[in-house]
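Structure first, commentary second.
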Amino acid sequence: MYLITEDVITSDAIIDQLRINTSGAIATFLGIAREFSNGRRVVHLEYQAYKPMAEKKLKEIGDEIYKKWQVDKVVIIHRVGVLKIGETSVFIAIAAPHRRPALEACAYGIERIKQIVPIWKKEIWEDGEVWIEGDPSKVS
Amino acid sequence: MYLITEDVITSDAIIDQLRINTSGAIATFLGIAREFSNGRRVVHLEYQAYKPMAEKKLKEIGDEIYKKWQVDKVVIIHRVGVLKIGETSVFIAIAAPHRRPALEACAYGIERIKQIVPIWKKEIWEDGEVWIEGDPSKVS
Amino acid sequence: MKIKVKLFASYQDLAGKSEIELKVDPGASVATVLNQLKELFPRLSERLGSNTLIALNAEYVSVTSPVQDGDEMAIFPPVSGG
Amino acid sequence: MKIKVKLFASYQDLAGKSEIELKVDPGASVATVLNQLKELFPRLSERLGSNTLIALNAEYVSVTSPVQDGDEMAIFPPVSGG
């Protein structure tokens, strides 16, 4: 499942879908809206996506993972819109027969999201706001 | 939080406790009762723990993680008793300011559990059962 | 021919628009379209450069790629999701 | 003096007990206790060896460690949690 959503992301319902009889491990990664960024206090975050391309790129990342590791299922969900501090911005869940592929694929997934998925984060402070730009050397 | 429990383990309530304002990442790892083990069909699993020592060792693993990485919170829960296929045997959740420490600490946690925490798994098949033994070279 | 151009994040703010339709000459490339955008949006113009990412029909392309009638082009700064 | 010995996993099955109390002589070590256990439980005896893990009051120890009155000792095979 590859999804861009405006809804709050929760874990249990998704994890329950990954409980399949060949899987011995599920690794998840959650990006969380953090209050402090380079010393500035963030009031809230806003994420914008180029939705059709973003979902396509999430699926590409999943396909890369299926090629690189022996995994059973990949779920990647990215939230857009206004996020309060502490809310989940991105959720990756990977079920695999064994623990190492699940964990490695999870780490790979979040790196790739930050490289190729057309989503942007805006930090809103008490006294201003800025669109964050990623590292341009990472796109492929 | 370091816990040995007979109860079903769920994620969301624990993850919500890890949503603190310094954390930008939460990584979790779930061990799942798998149906097939070396080609044999497992009907269910049973975990036994030396509970007071196991909880002490879980806390030691947490302390090791706090020393090695910049993390905000460590939760490790291991279930004991009879587990159906697909249920969660172990749950690790790590909140950290950044993604790499959260993911690395999570991977470290499950390795250490398999090395030093006095818990044993019994596989129950249709026609027999066996206590699984870990790799003795790993204990420290 | 006509194409649609989408803008995201800071580019959207600088242009004051999230999407525009452009008439382009047959045989135009992404670079041609970028030049049209620079003329239309002087504030955006200063920010377009080697970091700018360009997609054509939801796939990354380079400035040399040709554009076709009905294409959806998108320009945006380096992504920052996660 | 008296100590409690706990057995886990296959050791518990082989001994038919999860816990026993033992009288041990003053100055006894873990090795002394292991020998007593081997005499009491012949089926367990065959399985005790270099892989056997030993804890004293919930901490890993070696066979040379001295035991004290009231100690809780535990013996078990390599752990397999996770």
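Each chain gets a letter, A, B, C and D, in the order it is written, and its residues are counted from 1.
Note that in this section a contact is a pair of C-beta atoms (placed from the backbone, for glycine too) under 8 Å apart; a residue touches a chain by one contact, two chains touch by 3 or more.
Being a predicted model, the structure only gives us computed values, none of them experimental.
Centroid distances built from C-alpha atoms place C farthest away from subunit B. With centres set at the average Cα position, the gap from subunit C to subunit D is 73 Å.
Inter-chain spacing, taken between the CA centroids of subunit B and subunit D, is 26 Å.
Averaging Cα coordinates per chain places subunit B and subunit C 48 Å apart. Counting partners per residue, subunit A has 31, 99, 110 as the residues that reach two or more other chains. Taken residue by residue, subunit C touches two or more other chains at 82, whereas all remaining positions touch fewer. Chains that are in contact with each other form these pairs: A-B, A-C, B-D. Residue ranges on subunit C touching subunit A, taken from their complex, read 6, 8-10, 12-13, 50-51, 53, 55, 58-60, 74, 76-82. Of all residues in subunit B, only 31, 47-50, 52-54, 56, 78, 89-90, 110, 113-122, 131-136, 138-139 touch subunit D in the complex they form. On the side of subunit B, the complex with subunit A involves touching residues 10-12, 15, 19-36, 85-87, 95, 97, 99-100, 102-103, 106-107, 110.
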